[in-house]
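Per-chain numbering from 1; labels A, B, C, D and E assigned in written order.
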Amino acid sequence: MTVLLPGLVLLPLIAGGFAALFRQQGRWITLATGLGMLVMLVLLSIDAWGVGQYQGLWTLGGWERPLAIAWYLDDLAHLMLLLVGLVSLAIMAYAWFDTETSDHFWGLWLGGWGAMNALLLSSDLFNIYVTIELLGLVAVALVALSTKAGAAAAAMRYLIISLTGSMFFLLGVALIYGQYGRLDLIGLAEVVEHNWVTHLAWSIMLLGLLAKTAAWPLHGWLPLAHGRAPTAASALLSALVIKASFYLMWRFGVGPFAALSNELIAMLLALLGTMAIFWGSWRAWKTPLLKELIAWSTVAQIGYLLIGLAILFNPQSILTVSEQFNPSLLLFWLIAAHALTKAGLFLVAGNLILLTHSYQLKDQLAVLCNSPLTLWTLGLGSVALAGLPLTLGFIGKWWLIESSVALGQFWLLAPLILGGVFTLAYMGRLLQPAFEQRLLCQYAPKQSDGRPAECISERQLAWPLLAVPFILVLSVWVLALFPLYPWGATL
Amino acid sequence: MNEIAIYLITGSVLFCLGLWGVVMREHLLHKILGVNIMGSAAFMLFLAFAARAEPADAVPHALVLTGIVVAISAMALALALMKRVAKESEQHQATLEDSQ
Amino acid sequence: MFLIDIVALLMVVIGLVFFVAGTLGLLRFTDDLTRLHALTKADNLGLGFVLLGMTLLFFNLLVMLKLLLIWVLVIISAATVSHVIGQRAYKQLLHRSESQDDHR
Amino acid sequence: MIEQLISWTTAYSFWPLVIMGLSFGVALLVFLIAEERVWLRSSVNIAAALIKLVLVLALMPSLLQGHTYEFGWTLVPGLTILLKIDGLAMLFLVLSVFLWLLTTLYAIGYLEGGVNRARFFGFFNLCVSATTGVAMAGNLFTFIIFYELLTLATWPLVVHRGTEKALQAGRVYLLYTLGGGLVLLTAAIGLHLLVGTQAFVVGGYLNDYWAANPDMAPILFGLGLVFIAGLGVKAALFPFHGWLPTAMVAPAPVSSLLHAVAVVKAGAFGLARFVYEIYGIYVFSDLYLHWVLLGMASFTIVYGSVRALFQQDIKKRLAFSTVSQVSYVALGLALAGPIGAIGGLIHIVHQGFMKITLFMAAGNYAETLGVHKIKELNGVGRVMPLTTLAFTIGALGMIGLPPLAGFITKWYLGLGAWESGFYWVIGVLVISSLLNAAYFLPTIYRAWFLPPPTQWPHRQVLSQRFETHLLLLVPPLVTTVMIIVLGVWAGHLATPLGWVSALVASEFE
Amino acid sequence: MIIVDLLLALTIVLVAARCLYTSNLAESVVMFIVFGLLLSLVWVRLYAPDTALAEVAIGAGLAGALLLATLSQLHLTHAAKATAMARISLIIPVLLGGALGVSLLSLVQPAPGLSDLVMNNITQSGVEHPVTAVLLNYRAWDTALELAILMWAWAAQRALGPNLAWHGVRLQGLVLVYFSRLMVPLLALVAGYVLWQGAYAPGGAFQAGALLATAFILAFIVQQAQLGQANPAVIRRFIHHWAVKLLWLGGLLAFFVVGLAGLLLGYGFMGYAPAYAGALILAIEIAATFSIALILAALFTGEGRRYE
């Protein structure tokens, strides 16, 4: 094992430790770390996709598998590493210029980044528990960085849910150890059999992970936490952190516990997903707060991911994994599309809050009229979020549609297709007023000589604050043209 | 019925009790203690499984040691957060009601 | 052998009796200072008897020394803690009587 | 020289991408040009429109020789973006590119001094990009992409004025067209399940499937209905036409190009692709879907005309007239015979020229004199003779007076109805013409012969030498000339009629 | 012995229920401490002396101190009484948990585990005590990440902002000072012993760290009480000294440096050269002990500023 994989985990953890202790130097430490991480990710990708190294199992400490902790790198883990890295870098670039970024942010998220990388690589149940706890604590702290009223309560709620979810996960791990006496996922896949304890353990773990992902009936914490966190934190939490627990469900469901999946659980997940889409969209439509709108939209978008999970878990679904192309990997693009878009949207919301010092949707609208780039980011982002064709989300959705039809679950077409319309509807609340004549320069204060002063517009912000969200959102469109490139070059 | 069976059942009961505390009790201290009791219950299962072997399986012991430290870290953060919630809430009451 | 076991058991039982008495005092007495009295005195003696019983059972110099060390440490801690609690209780008592004076 | 051109163009296959990408790139560029730099923006717009026209025309000779251009990009297996220039695409392409040039000129004049022009022209170019994309779409997936893009790109233009009324209209517009897009997507998914997603092919790609699975008739029929509904929204077929009159709050260039040409024609064009190149005309008529379409189209023709009769607002009247006239295309397709097909397809071009003339003239009245209502048109011909001339020719063409372009359409449709045995359709055509006459002739009479009022509602002097701004005057005059040319020289091979006849011959082989 | 187990199980369930049920928060906290102590008895009964030690020191001791300190800073120390509904619903977790536990009884018989593997490789692990071998060799990566959790819990707590005001009483006399002068060195000595012992018997970095943390906390509390201040200046200066900050990170760094060295020398990431394993493990343990002790103490003391 060359140095890249440990480096991807160790560098942010060490740098994060230093950044947390020496806060004044935090942003410079972060800059250096970010560059280093970028180089390592590029090298990893070149090696993995060019030469074909790296893929597969790595055991740590020089011991054999059931005794040692194992890491496992495949296409999915690799793509997730890239996604986490690139989105983190983008959001950190934004935070660099955001005047309200706290000193604490750098060290905290570097730790979160390291935790996520460790989680993505890990192939050991208990090790995953440790990483998920680290990530959870960091995420809660990020929410609590906000000085906004109610942020502490939101963070507290998040912490309680997150910890409870972890405890469920831990209980599941205990039961699995009791039954099989091993913790490594690869080994478990060989020995897992149908019995009550295994089913119970898997259900309990799934329940915990669903709570951490904010799946429908357990979603209550998310709009509060993501809505009240500081801008960069909201973006990171919505884009990346909830994906970690989703990734685990995916990993476990098609890995060690693939034999346990049945149609009941698939149906249940699909129902949860459908409810999430409808309920999340409805609340996004009703809320008067900008960031809560975007956060509720995350709840709705998780619905798609759950439907994807339902399809993966359906024993009927034939996963036609050819040598070149595993179609279920298209679900990753749904994750990526949501991560990139949602990060962009939260950052735009942050811009608007910076400009107006208000969290109310109605106060933001006037700025939009005078801010074309912001408006474009929102517009492209809304369409991308709706998953219309030619965006990355559509690639993932297309797989959902094809699979649900192939499974005979025609009713899933309703949430899948209507969800996009709902998205446009609630995002339209932001977009439409930008065209309203009456709002133009409404906020312009009069100067002493009676002439209107300059309107509040995006021009008052540093350009990176505008560029980062725009690039994030634009990448969803550009990537949509090359969805197969990384691993499908032979296709 | 040996001691392992007893502690398996006790662990399960404790886990559900802790969950009850998290869900049913309003005060954050109760919720935090509930989470910790859930964790201890999971540790109990781990150690009960470990005690089946002769000598006792060392891996769960190590896992639980790690788990205890994780639990105290989480508890410390939770308590600090609870104090802030209490300070920010109007009646100095550490519950989540005002965040609805 | 048999005799030593019986003596040891007796010691432990006596220790337990002290513990029970102390706990009873803790629950039944009316104010902090008297409760403290019941608790510390009884506990120190109770623990002493229990440890004595243990010593008889093991009858090993190293173990005996360890148990003795434990007893000494517990007594020191108990004394210190009682001191702290007592001071606090006393201050509260003063405070209360002062405020009663004010009301009068 | 022609040979050289042909050999040069056919050497590359990326032309569809270039043509589509040109307006897309210009759109992005225009968004970036600062609001105040009017000249730069106008030059870019006009230059792009000219280049695009030249490009499209340069491809004509090779296309006449039977060459088609295809550009494909596979996203994932089963999802391919395919852009293709074939005969049918060329018809729509030439129309939209040519009219785009004229409308750009018109819009530059119309919006002079207005606000948010960068936004307007940006979306305007985006719309053209989407329209050419619709024209060149080589499979259903690509078609839907551009169909939706068209919806999203026209919405900012509809609400451009930003008034409460405009926003309301925008909501209605989105509700209809997005709904239609959704229905179309559903239909496409359904078809994808049956036969997979395939490229459009002359004669349709359902023939084999139909031959093999005759028991699937109800499903295919139902799917056909869903397709007609999805496409019918943009084509403004009867129950789905509600958005079109509402959307008339948009500025005149938008109404003229987009709602007379681009959007409604995208629907009509989609119907043509659906009938000829997805289902194929034989499957289509075997399933009796042509009865459905015929019924809807006939009813819409009469209904639109009747509604137009009662409108007092000029643009509203023209809008209902559009509802009626676009259905001629559907009618031609539904007749399921070669001659009717010629009538329908040629009407895509003819109606485009005539209706754009009318809308531009109406825009001129509004801009120069502040006239919005029919009853305010009294004597307008004496103040603005050239505009009124254009309006008159356009209206006469709509009525179907020989030798104007509209007559050609109606003649072929009538012959087609006779040929297919739908004799009652001729009645529909006659009634429609009479109604057309009933709502256009009094207007013309009013414009030329009634005395003008002493005070126009809101008169502006836009030009010292001409009756209105030169850029507002030239485009309608050019289209007026085209209406006459298309009618008089209809029999010549190089006209759209000749093109369409050749197309139809291949579709009905 | 089964009677003892049954009594212990019954008591621990009752204590846990009381802890969650009572509306008196002080009672809750005391019950939780009792719960921790009983738990350590259970761990002893389950032949897990390492975890019993850690549970007493951390689960009951440190957690108790943290809880009591928090309690003293809250304005309201009584929670709302559980409603009648909630009181009745307490029966549900007991029944449900009982059913769950009974359904797990099939697991009493089969005894798969990694015990054999642990014991077979112990000679190469560098230590004799299997738990230490697992913690610092076989599954060293878990332990490293766990130090990271401690580290970030502390960072997170700092990010929450300054502490609440202190509600303690300033004490008269020097009893506490003498007590701390006796106990702090003694605790440090015992910590060193426990750490050293970890190589071949129950004990190790965690237990030692917790003991050392207790020493720090004791010193802190005595300073507080003696000076009547929330955060005595001497402690504040100590916490913010850069060398101390590096010590916080020391355990993590030691793990990572040794892990990377193992990787570069060809023993795999987090691997040791078998000849030096014992020494390396001891070095890591020493660093980890200091980190654990300092961070646990810091979690108790807070950053050293407070709300005014």
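Quick note on the criterion: a residue touches a chain if its C-beta (ideal position, glycine included) is under 8 Å from a C-beta of that chain, and two chains touch if they have at least 3 such contacts.
Predicted, not measured: the structure shown is a model, and the values here were computed from it.
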The chain pair joined by the most C-beta contacts is B-E
Outermost chain relative to subunit D, judged by CA means, is C
Using C-alpha atoms only, the most centrally placed chain is A
Averaging C-alpha coordinates per chain, one finds the centres of subunit A and subunit C separated by a number of Å equal to 57
Dist(centroid_CA(subunit B), centroid_CA(subunit E)) in Å evaluates to 13
Expressed in whole Å, how far the mean CA point of subunit A lies from that of subunit E is 32
Chain centres from averaged Cα atoms put subunit A and subunit B apart, in whole Å, by 28
Residue ranges of subunit D touching at least 2 other chains are none
Listed in rising order, subunit B residues that touch 2 or more other chains are 15, 18-19, 45, 48-49, 57, 59-60, 63, 66, 70, 73-74, 77, 81-82, 84
Listing every touching pair of chains gives A-B, A-D, A-E, B-E, C-E
Touching subunit E in the complex, subunit A uses residues 1, 3, 5-6, 10, 13-14, 16-18, 20-22, 58-64, 66-69, 102, 104, 107-108, 111, 114-115, 118, 126-127, 130-131, 133-134, 137-138, 140-141, 144-145, 152, 175, 177-182, 195-197, 200
Within their complex, subunit C touches subunit E through residues 73, 76-77, 79-80, 83-84, 87-88, 91
Counting only contacts in the complex, subunit B reaches subunit A at residues 15, 18-19, 22, 28, 31-32, 35, 38-39, 41-42, 45-46, 48-49, 57, 59-60, 63, 66-67, 70, 73-74, 77-78, 81-82, 84-85, 88-89, 96, 98-99
Per the touch rule, the subunit A residues reaching subunit D in their complex are 325, 327, 330, 372, 376, 383, 388-390, 395, 398-399, 401-402, 405, 413, 417, 421, 424, 428, 432, 435-438, 440, 480-481, 483-484, 491
Listed in rising order, the residues of subunit D that touch subunit A in the complex are 31, 73-79, 118-119, 141, 144-145, 148-149, 152, 156, 159-164, 166-167, 170-171, 174, 178, 182, 185-186, 189, 192-193
